[in-house]
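Next up: some structures, all given as structure tokens.
Each of the next two complexes has subunit A plus one other chain: subunit B in the first, subunit C in the second.
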Partner chain A sequence: MATRLKPVDAVLVGFGWTAAIIGQELTDAGLQVVALERGNFRDTVPDFSPTQIQDELRYAVRKATFEEPDRETLTFRNSTSDTALPMRQLGSFLPGVGVGGAGVHWNGQNWRFMPTDFKMRSHSEQRYGKKFLPDDMTIQDWPLSYDDLEPYYDKWEYLCGISGKAGNLNGQIQEGGNPFEGPRKREFPLPPLKRSASAMKFDEAAKSIGLHPFPCPAGNASQPYTNTLGVKLGQCTYCGYCEWFGCANYSKASPQTTILPVLLRKDNFSYKTNATVTRVNMDSTGKKATGVTYVDAQGREFEQPAEMVILCAYSLHNVHLLLVSKIGKPYDAESNTGAVGKNYAYQMSAYVDVFFDEIINPFMGAGALGQVVDDFNGDNFDHGPHGFIGGAYISMWQTGGRPILQHYTPTDTPKWGGGFKKALKENYLRSASMQIHGGIMSYKQNHLDLDPTYRDIYGNPLMRLTFDFQKNDLDMEKYVTDRAVDIAKAVKGNRGYNVRARTGHYGIVEYQTTHNTGGAIIGDNPSNSVINKYCQSWDVPNLFVLGASAFPQNPGYNPTGTVGALTYFAADAITSRYLKNPGALV
Partner chain B sequence: MKRSAIFLAVLSFVTCAHAGDFAQIERGKYLVQAGDCESCHTDKNGPRFAGARAIPTPFGTIYSRNITPDPATGIGGWSDEDFYRALHEGISRDGSHLYPAFPYPWYTKLTRDDVNAIKAYLDTVDAVREQTPPNKLHWPLTWRSLLSVWNSMFFKAGEWQPNPDKSADWNRGGYLVESAGHCSACHSPKNLLGSVKKGDAFEGGDGENWLAPDLTGRTLGGVSEWSIDEIAQFLRTGANNRTRATGPMAEVVELSTSHLTDEDAKAIATYLKDLPNGASTAEKKTADNSRDTTRGHDLYLDNNCAACHMENGTGEAGIFPALKGSAIVQQPDPATAIHLVLSGSRAAATTANPNRFAMPAFGGKLSDDDIAALLTYVRSAWGNRGGVVSESNVYSVRKQVATSQ
Partner chain C sequence: MAWMMRLLRANFRTATLMPTLSRRTFLIASASASAAACSKIPNTLPPEYPEQTRSDAPLFLDASERRFINAACARIIPKDDLGPGALEAGVPDFIDRQLAGPFGQASTWYMQGPWAKGSEQQGYQLKFTPAQMYRHAMNNVDDYCNKQFKKAFADLPPADQDNVLTGLEKGDIDLPDVPAKTFFTMLLQNVTEGFFADPMYGGNRDFIGWKLIGFPGPRYNYVEEIEQYGKPYTLPPVSLKLGRAKPEKA
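And now, the complex of A and B:
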């Protein structure tokens, strides 16, 4: 029997980036807000202290900051004709757990989607014709535009102290920035990070073949920064322990370093840890959420009543909660009807490792330290001759030179023994890797639903992921990988390169990227989507669903910047309109 | 629970109507904050002002008492006269002597009006029934009558007397520092009987394994070298471009000095910069600087000290404290610096400066010998002139910290 708790104005499921943002905005509006986090509380000291964070075995190999599949997992199959089996170890993607969520362990690669990314279907059909898109491709336009989101991208970037160089200021193309980006109203809050040696080699090579390199916008502070809430970030020390690690120096934008110092001081905000939400509760009409039920670390069940329920969990968990709470119509891949679970998408990465004749000191790195070209991303090139849509950015990262996982050797190097050691010694200081970071479209067959067989420890059915790479995206990745090889060949003083291409079926075992999107997508009407443009459930107006589960398809960029901007957009609609007149926002 | 809160709110409203006018209550609240009453009179996670916080003293443990308006266990039945006698003379309502852990030697300097205002404010806080645990003092100090002897030796009742030769700022600052603020209670050396050593006020004191720094100008980098704005900023926000408040001062800033008005913080700074006993920089005790610090330098770089405090010791203005020119680093007694390295510390968080920046504990990673070498380097690098830190210095602080936890 669940213990019924004191009602609150809003309950947040999860306590990562989206919960921190919405919690800050709603408490500013005077609401009583509680966040429920399945993991532990974490703060820079002691959890990410420089006394212990540089432990690659613990964090990168044994995955200390990620969710544990023996507690929460999903089942997976490549196609509807296969039987899905549980993912019993983390592999392809690594959802975060604990206060701060994945905002603790991200790299800080911070992007705005391009204007055409928001009009993926209409723009592609207009430019290439309706027949250009495969029949099973279910991409759709966002119900909002780049211009709608621009002020909120700005708000997010000034919260985080993003380090970068504008490429398009109010329509004027800027030297040194990304000429393909949408127009921004003002410069980045901080200048770009110092360039790495590998970035300079990439920059020179890319320019020599007519491309347009620029520094990746980084959530790693290039200088000390005081953000819009008065919270201070220290400057990045290029220690090389960003991705999969918490930042020891208050330099990487995370809920801990940007919002929590202010939010946790408020009397009208509270949070509970080790509180796993198992369902959203509904009233008898099925049109109103009454709160959530959660289970604590001792297995006790609690009911938290709330006027508003806001799902701020990882994208996959948002979708799972909707499905197990029977909110909305589950997507049926056969008939292409229903919406919950529809348009699951992912991203695709290939790599070209480059070996230099000079030392580049790879251990001096930062999560978003890298030089990028966007010439082959989105619709920045004519897809007509190629027969696919979408694209990828090509980046020369220098994220770090950790001893276990971050070193490159030529493909013919033995895996162990004297030959391996010799190659490692020769190449560790003289190599870096380019990433081909590609988007994935959505398709009828790639979707999420509930597994008929397997259940989690709370008795809920596991979510079932049905997903495979499709020809459009494999063709895209191959094309852009070839363009990365062009750059590798143009690098002066290169001693060779490896191509680690992405081909064949998707496998869930090898790590690729934690950019899982869709399943609770945003749209302009209830028949094609789960939430409206304000991230409000079509079926249950006092339920909001935040995060990358909203993306109708996955462009070639890392999602966090757009997740932040979309959350601010939703927060604005809630505080300025919904609270005055609770009900469906149109 | 909810019902009792409403009841208490109604009760305090009624009491408040009797207690005095709004301006007086507001002034009382301000003085209660300036006096940092909450720090001692609120137990960890306990109800505000309900006391029962254990105050460790060299003579045993004293428990702070309940100063909420609860008639049975708090000061609800106290008259203004009773309250004034406690603050002014250190005598409780029942006529018994209060232990000077309650800083009546400072509160005696408060004006009668201000004491009445404090009482008027305390009458408005939620009444909490909370019995104060009995003190755990070593015999014969359990005999409160002995305190009359202590008082005759070390205590003279009397309100603050302004100095007409000094500015209004100096006098306002002096009043706050010497009465409510009771700054010299921590920042002064004590004699064997726990009283401030005569003539040595503000020369630094020892408390809870932290040295409260000398405020008189004897320490290199001390507050006498800071500008009035820097001192005021430190008190009001917990940080300035030199340093951040850590250790017990973090709590003082959070509960007390961050609530001061800018004028009062500057007045306090004016007074502190004019304390007697100040020494010119040339006269300051400095240590021999010629020693091999290679190992300490390596430890400084290898243990990521430089990541925040920078290779050149400057820190990052307003974020990470500078070690170059730091008073804590250069104090003759290195105990605070050792304690910081061993245990780490969380800096004050205030509305103006919400970050809860923290230094991690290195005690589990570095040996006594490592910390001695590291601090010897830090105390002599970048023009610093602190003395050598020995392995035994570190050993003794480590032992004290371990036993007090």
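And now, the complex of A and C:
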């Protein structure tokens, strides 16, 4: 029997980026807020200390800070005609667990979506005609525009202390920045990071063939920074342990380094760890959430009543909670009806490894230290002759050269034995990898629902992922990978390159990206979406769903910047309008 | 409730997740550290850690399995004119500890049925933990070698060992209990891990793996060096727990 707790004004499910942001904003508005986190508390000291965290085996290979599949995982199949089987160990994506969520272990690659990304369907149809899009492609426009989000992107970037160079200030193209980006009102809060050796080589090569390289906007502080909440970040030391690690140096933007020092001191905020929410509870009308049920470390059940329920879990878990709580109409792929679970999307990564004459010291790096071209992303080029929409950025990262997972050897050398050893020795200090980071459109058949067979440790059905790569996106990835080869060929002092193309079926084994999106998408009416433009459930107005589960399709950028901006946009609507008059905002 | 029992088991597991050294190894390590404390261990290192964590105490592998792993390591990254290989780097110690620990026991894997073969895209669907898979596979490979060559894998000449490993890699050798490719892929991955993980895990002894390629370990700060393009980094490698490598002799 669940123990009923004292009601609060708002309960947050999860305690990562979106919960930290909304928690800060709602407590500023005077609300009593509690966050429920399934993992442990973590902070820079002692959890990410430099005598502990710089351990590739423990964190990157054995995946110590991620979700444990024996507690909760999903089942997967490529198509509805297959039987889904459990993802028994982590692979393709790595949802975070613990306070700070994936905000602890991200690289800090921080992007804004382009203006046309918010009008994916109408823009594509207008430029290329309705027949250009395949019948099964279910992309749709966002109910808000880049201009609507711009002030909130700005707020997020100044919270995080993003290091970068503007490419478009109020419509004026800026030398050294991304000329394709949407207009921003002011410069980045910090200048770009120092450039790595591989970034210099990429920059020179890309310019030599007429492309427009620029430094990736980085959530790794290039200089000491005091953020908009008065929290101080330290200068990045280029230690090379960002992705899959917490930052030891207060340099990577995370909830811990930007918000928690303020939020955790507030009397009207509290959090519980090892508290896994298993249900959103509803009243008898089915139109109002009454709170949530969670299970603690000992397996005891608690009911936390709340006036507002805000889902701040990882995108997949937001959708799972909606499905097991029977909120909204589950998506049915056969009839293309219903909304919860619809438009799951992902991203594509292909790689071109480049082997240089000179040493580049790959171990000196940072998660978002890289030079990028956006010439083949989004709709920055004419897709007419190619027959696909969407695109990818091409980046040359230097994220740390951690040797178990980041050793590149030419594809024609052996994978073990004396030849392998020789190739390791000859190439480790002299290689780097370009990423072709591509978007994925949404399709009728790619979706999330509940598995009929397998259950998680709490007794809930596992979520079932039905997903495969589709022709449009594979064609896109091939086209942009070929453009990356053009860059590789133009690198001076290049001894050769490997192409690791993305082809065939999607598999859940190899790590690709933790950019899972959709399933609780944003839209302009209840028939095509789960939430309105303010991330408010169409069915249950006191329920909000934050995070990348809102994306109707996945453009070619890392999602965190847009997740942050969208959360601030929703927070503004909640504090300025909803709290005065609780009810549907649209 | 069944789910409650699974939950409590998982929670207990979390409390003991991934000890850096097993208690047994730790005791051995402590003893040798105190014996050597006066002469060998620099004062800056925590006293409980020895210069090396080498231990002859087996945690998972029995004697014949250990010989198998030693032989496989010696072929996968061999000792040659470029220097010592995986065997000399203590990778068999590393693998023994890993198989005895949370990885080998699949402690965070979803191990509920029903079980089905699944597609390549759906990944590992065997009922075996990594430790169980190793044990079956090593037995199967030795059976195969005894049948083909009248010798165990470890006793074959290197060229025959390479042929057997190639047969496993390509799936040309059919093992009765486990898919050969799955075993070889995991073995190769674990050897690479042991060669390149921090030496505190038992492999990469004396920084053999890191010195081969020029990785300096978790040095933490390259603010000054990162823009010195093309310039070699010369400080010796460091371990999180075992201090720094001895400087190379000039």
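Quick note on the criterion: the second predicted complex is superposed on the first by the 586 of 586 C-alpha atoms of A that agree within 3 Å, B and C clash if a C-alpha of one lies under 4 Å from a C-alpha of the other, contacts with A are read in each partner's own complex, and residues count from 1 in each chain.
What we mean here is this: a contact is a pair of C-beta atoms (placed from the backbone, for glycine too) under 8 Å apart; a residue touches a chain by one contact, two chains touch by 3 or more.
Quick caveat: nothing in here was measured; it's all calculated off a predicted structure.
In the superposition on chain A, A:C239 contacts both subunit B and subunit C. When the two complexes are overlaid on their common chain A, residue A:G230 makes contact with subunit B while staying clear of subunit C. Once the two complexes are overlaid on the shared chain, A:R265 sits against subunit B while remaining clear of subunit C.
Note on subunit A: of its two partners subunit C and subunit B, the one contacting more of its residues is C. When the two structures are aligned on the shared chain, A:R77 is found in touch with subunit C, with no touch to subunit B. Once the two complexes are laid over each other on the shared chain, residue contacts for A:A248 go to subunit B and to subunit C alike.
Once chain A of one complex is fitted onto chain A of the other, the partner contacts of A:T51 extend to both subunit B and subunit C.
In the superposition on chain A, A:D43 contacts subunit B only, with no contact to subunit C. Judged by the touch definition given at the top, the superposed model places A:Y408 against neither subunit B nor subunit C. Counting contacts as defined above, subunit A residues 50-51, 235, 237, 239, 248 meet subunit B in one complex and subunit C in the other. The touching residues of subunit B, counted against subunit A in their complex, run 303-304, 307-308, 316-320, 344, 346, 349, 351-362, 364-365.
Touching subunit B in their complex are the following residues of subunit A: 43-46, 49-51, 224, 226, 229-235, 237, 239, 248-250, 261-262, 265. Note for the complex: subunit C touches subunit A at residues 1-4, 6-8, 10-11, 17-18, 75-78, 80, 82, 85, 102-103, 106-112, 114, 116, 118-125, 162, 165, 169, 188, 191-193, 196-198, 201, 209-210, 212-216, 218-223, 225-227, 229-233, 240-241. The touching residues of subunit A, counted against subunit C in their complex, run 50-52, 54-58, 61-64, 68-71, 73, 76-78, 82-83, 85-89, 91, 194-197, 200, 235, 237-241, 248, 274, 295, 297-299, 358-361, 363-364, 401, 403-404, 407, 415-418, 420-422, 424-425, 428-429, 453-459, 505-509.
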